[in-house]
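Look for subunit A in each of the two complexes below; its partner is subunit B in the first and subunit C in the second.
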Partner chain A sequence: MEKIALSRRQILAGGAAAAVVATERPASAHSIKGEVPWAPSQADAPHAIDPGGYIFFTPQEAALIEAAVARLIPADDLGPGAKELGVPTFLDRQLAGEYGRAERWYMLGPWRQGSDNQGYQSRLTPAQLYRYAIKQLDAHVSSIKDGRRFANLATEDQDALLSDLEAGKVDLGGVSGKAFFDLLLQNTIEGFFADPIYGGNRNMEAWRMIGFPGARYDYRDFVAKHGERFPLPPVGLQGRPAWSSKG
Partner chain B sequence: MARKLPSIDVALVGFGWTAAMLAQEFTDAGLNVLALERGVWRDTPTDFAPTFIQDELRYYFRHELFQEASRETLTFRNNGGETALPMRHLGSFLPATGVGGAGIHWNGQTWRFLPTDFVAKSHNEQRYGKLAEGMTVQDWGVTYDELEPYYDRFEYLCGISGKAGNLNGTKQPGGNPFEGPRKRDFPNPPMDMTYAPMLFAKAAQETGHAPFPCPSANMSRAYTNPLGVQLGPCTYCGFCEKYACGNYSKASPQTTILPVLMRKPNFELRTQCEVLKVNLDNTGKKATGITYVDAQGEEWEQPADLVILCAFALHNVRLMLLSGLGQPYDPETNTGVVGRNYAYQITSAVDVFFDDKLTNTFIGAGSLGMGIDEYNGDNFDHTGLGFIGGGYIALWTTNGRPIETHPVPEGTPKWGSKWKKAVVDNYLKQCSISTHGAVMSHRGNYLDLDPFYRDVHGRPLVRMTFDFTDNEHRMSDYLTDRAAEIARAMQPREIKVSRRKGSYSIVPYQTTHNTGGAIMGDDPKTSAVNRYLQSWQAHNVFVMGACAFPQNPGYNPTGTVGALTYWAADAIRNQYLKSPGPLVQA
Partner chain C sequence: MRSATPFLIAGLLVATSAGLVFADGDHAQIERGRYLVSAGDCYACHTADPSKPFAGGRPLQTPFGAIYSANITPDRQTGIGAWSDDDFYRAMHEGVSANGERLYPAFPYPYYTHVTRGDVLAIRAYLQTLEPIANAPPRNKLPFPLSERAVMRPWNWMFFDDGAFHPDPSKSASWNRGAYLVEGLGHCGACHTPKNVLGADMDDKALAGGTIENWFAPNLGADLRTGLGGWSEADVIDYLKTGRNSHDSATGPMSEVIQYSTSQLNDEDLHAVAAYLKDLPGEAGRVPSSASGQQTSSSGLSGSGEAIFLDQCSTCHRSNGEGTPTVFPPLKGNANVQQADATTVIRVILQGARTTPTDARPTPFSMPAFDWKLSDAQIAAVATYVRTAWGNVAESVSADDVGKLRRTLHAKAE
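For the complex of A and B:
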């Protein structure tokens, strides 16, 4: 405690604190001292997806996914559904990227089956899970529907199969059909409502449908307008179509 | 082999809320202070700007600001009979990584605990008799009156918006009539209320309650804090909790302390430095410093006269277990202290659906809401109820972010056209009442080191053994019933009651209010730190954060975490530095 007692005495005597002179400095530490770091033009911008065709899904996989998301959130008289708004592209880019690789997930063994309360315990990453489950699902369909694929079934049959998956009635070759269904539904809703830069929610149609004004920054003028309808259209991270030169 | 660095007066482990407060205090006292943070530097204009922070997928659903489970997670089981398995991705709670800690992505709901919360054991036993079997509730060793000036300091640091309910013992209309006496009012007036909290307040009043604006670290107006740092008025953008504020409107280390602290010559921050352990001398009674690993994987030994753990409740406990700092808790024999009395929060919700009212909950802020406190702590007579403790009931409008918030009525399918129609019909016309209940400590709920699973450095993960007990379920059901009564008085078309049923699950997000494991108290046999958060074992180690809570009351933790931090800082500055040694004799 020598040093603290010393520093303390110096303060009491009105002297400046003696800075410890470092004889060895950590070579690779990010040391920040005497300033608020500021890096101009270093804003941590979001990464919009590249447009274009599928990069993760094979054509067969894409057919199943397009058919499935069109049942999860269908097009109807309220407006377009998940397929029309680009959710398959959203899923494709998510699975091709760090989410698909489970980069932030703890993926070390040992692997064991747990209780529901213990959460996800599969050794498959989301990308591996989709790939495997899609294949197994089509094989399952083929075995019970005379060689047909999920995408070619009537919509009622697709709904019935999805309900069976949801209810945990289908085993997908050792992977729980329910685990796949839950992930697919969660990701579909993400794509439907996420900012359009990620490929779904095209033209912010999903936001418009429900009345969410999007990535707005200041509602102060409207806070006290209790019960009134918010008058402005949605805006996304890249603005909105009317702001571009064409608009 | 770790290379040895020159010694420093104080080493702070982590650089979130508690570390930033202490760094400011100790540099003011003239000490040379070094903070070691495992995450990166981040600040408002570069990392939280309102041109891109309103990104629901990136920040909440892909966890960009949170701890990476791939580097460090924990294992979990409901009880000692199960095998704990790793939390493979975050869910129930969202620990932070990076400068500012969870202080950048918290809501800002900033409460004081009730005076009786600090004497939970003696108060409840006196009023209701012996505690239930297995309940390990304890008194804190510090009282509300002792902490009052430190609550006040934290609230003025943050610029809390609110309305006093009790000024020096005199009740104030419009404030929380149950709160402990405060010496002065909040630094800022309450936030402007949106529609739904006002509908709740009216119904609460009609059903005999005293609603009040909940205390908020979101600014109701521009504010300059005692350090001279300025915050701007909140714009109610609805991207607050789980997000960082781009508008300097939510109190965080970045918006209240860092502009002053970072310029001080006697402060240094090293980022991307993960502390592996606290080093002890051969008596085990004194820390010699810490060992950390930098971004290149190189290990360094950093000697320090004082070591302060500020790494968040769960990580502080893990570091103590890994360092041999305090005897690990053993539930079989009910001995040992580190890991003891882990607790959490129990929450439930009542969704309210209107036909004729546009609630527009996308206009929101992390702590924008009206609440009632009739059923918190011991504010009501528990005779015959079969539980102790309680919680607040509040209607917050934190957000209308649609991936997370699209409530649908009871009985709606989870997908398909019916689901879509229910979302579209209800999105603008709903709101939700939440209950926020205490979790009492229990002999079987604790933290220790996992026997199987390891982090990226090969060190054992912490193992959490936790479940809600009968006390929590009865209490939460009671709160939920009261919330449903108020919901009905709001005259909606319908309500949906979501109780917290069965065993605790680590999957759905609940709160990041993990408490206990290094609790404070009077007795070194049943607490890891004394009333000044000083380790009973090594007098030059102090442990900050909610791990000090002997059990978790019915409020969010950070108001009390902040008060305890200033309380400990004062004890260190005014007592410890003059004569280093135990501040309380065991």
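For the complex of A and C:
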């Protein structure tokens, strides 16, 4: 079993990288006096992901992630699953970005065992955790399944392995299998239901499935229409197909 | 200190000659001057940097190039401190500087020529009390031959009629006071009257709406749809005094006009201005024009326009277009939305807008920008939708119109 061994140097290097990133951005907090500032064309625009292939995952990592999310939210008669809706791309962009670097989290010691309600407790950033856990998981699968990888197993076997992870029966070289499973499940759900601008929930299919109307914030026209179905389709931060229709 | 001493002495001399202790008559004249300077909105154009009020240097973008406003503080070298009262009156009345140079009509002397000598001298008296600020405005950016001030001689011969204001005896005193303010110091036509190719007012279309600095200053005539026809006198007064009324909220260049000028007018003058504006003719009373008043049925784009409106605009402007009067402007029946020239509608959707804070309504509301989010075709669709929905009537907007304005504004911002 490989032991997790983060050296002081790695932690310092990680901290330095975070500091560099921080100085690239303007300070986000500042006080306003007098008039509320306003300027034309000013917008705190959300940043759409770059479409295309994986940035963070290696092909082998991607194969495991695609297989795993396809079991967490499989395609069925209700609609497409996490893989079809782009959740692996969502995870890839998140892990390549500030979430993956745990930029907004306190990431220094002390390293004591936290309780579940205390949130993320690993000393690894999410990107480091995924990379390490995926490698360990494939090594684990290889050792018990004749050298095969997780992605090549039958779906029943994949389900069994994921269940073992969830039940805390698998140790991933010092990282709790349950901690990784919980994070992966949470991130998969986030990608499945987040705005399509972030890579998952393609064409707002997940919203359509549950009848969520999207980024709307006013329902006064419908308040008195009891028992009627809300007539408008979901809308995302980048709009909906009808915004570009002719006619 | 060595260089400051002559300035100090000069300052003392000016102060002495103006009289360090004002007699009551002087004080009344200066206070009247202060009020008239507000009525003329002198501050807006003659201030580039709020820490240097009236020191000039603000570029006024004309179709011919940038013209920089003059320093009108009493600084003797760079301002008008060395001018005589007659020099100042000639500048206001004829558009001629103290050194004999012709001024460009970006300085609205074609309007100020109507201001009485008494009012001009009161303005002068007030300006002399300002702190002198040494500030020489940059050179104008005009192409030859417009860069030669002598070209203003034939221009003036063709388009400028100097002369005092002549009251109309058939109208009330209030109406005449309104006419004096609107056609004189208020220089409303500088923006609201369309210009010919040489930049002069088209007198047969006075206050019928004009294009200025990539905005469209709307028609002020009696037209129901595009003018003030649907506004009462009280609506006009509310708008000028507070920046808002139940029909619309001021934004763009009108914000400054309201902030520095009309919100400072007394109620009597506001009534007078409203009485005069509400008596302006509409399209029917002017020379018929073939270009405006044409109804165009909603184009094929309105399907997407309606979808965008419902998703992005209806929270504030409501799906029935009625908005929340005095908070979020109604678009149904809104004159700004239905102008023949759609520049303002497109611009507000592209860049967003903010209402002007006034003493009466100190909290400004702002509309977000959509240029980062909507394509030219999408903005054209939603602009067309608001111009044709709920009984509104106006020509449709093309993606090309939006693209041109987007590029112009983008280039201006850089």
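By definition in this document, the second predicted complex is superposed on the first by the 205 of 247 C-alpha atoms of A that agree within 3 Å, B and C clash if a C-alpha of one lies under 4 Å from a C-alpha of the other, contacts with A are read in each partner's own complex, and residues count from 1 in each chain.
To be clear about the criterion, a contact is a pair of C-beta atoms (placed from the backbone, for glycine too) under 8 Å apart; a residue touches a chain by one contact, two chains touch by 3 or more.
These numbers come from a predicted model, not from an experiment.
In the superposition on chain A, A:E35 makes contact with both subunit B and subunit C. Legend: residue contacts after superposition of the two complexes on their common chain; A:G147 is shown touching neither subunit B nor subunit C. Of the two partner chains placed by the overlay, neither subunit B nor subunit C lies in contact with A:P231.
In the superposed pair of complexes, A:G119 makes contact with subunit B only, with no contact to subunit C. When both complexes are overlaid on chain A, the residue A:F193 reaches subunit B alone and has no touch with subunit C. Using the contact criterion defined above for the overlaid structures, shared-chain residue A:R240 touches subunit C, although it does not reach subunit B.
In the superposed pair of complexes, A:D218 makes contact with subunit B and with subunit C alike. Where the contact sets of subunit A with subunit B and with subunit C meet, they give residues 35-36, 38, 42-43, 45, 216-218, 237. The residues of subunit B lying in touch with subunit A in their complex are 3-9, 29-32, 40-43, 45-47, 49-52, 54-58, 61-63, 68-70, 73, 76-78, 82-83, 85-89, 91, 192-195, 198, 233, 235-238, 246-247, 258-259, 262-273, 294-296, 298, 300, 305-306, 357-360, 362-363, 400-403, 406, 414-417, 419-421, 423-424, 427-428, 452-454, 503-507, 540, 577-578, 580.
Chain contact summary for the complex, subunit C toward subunit A: residues 300-301, 303-304, 307-308, 310-311, 314-315, 319, 350-354, 357, 364, 366, 368-369, 371-375, 377-378, 381, 409, 413.
Within the complex, the subunit A residues that touch subunit B are 1-5, 7-8, 10-11, 16-17, 19-39, 42-46, 71-74, 76, 78-79, 81, 99, 102-108, 110, 112, 114-121, 159, 162, 166, 185, 188-190, 193-195, 198, 206-207, 209-220, 222-224, 226-230, 237. Those residues of subunit A whose C-beta lies close enough to touch subunit C in the complex are 35-36, 38, 40-43, 45, 216-218, 221, 232, 235, 237-240, 242-247.
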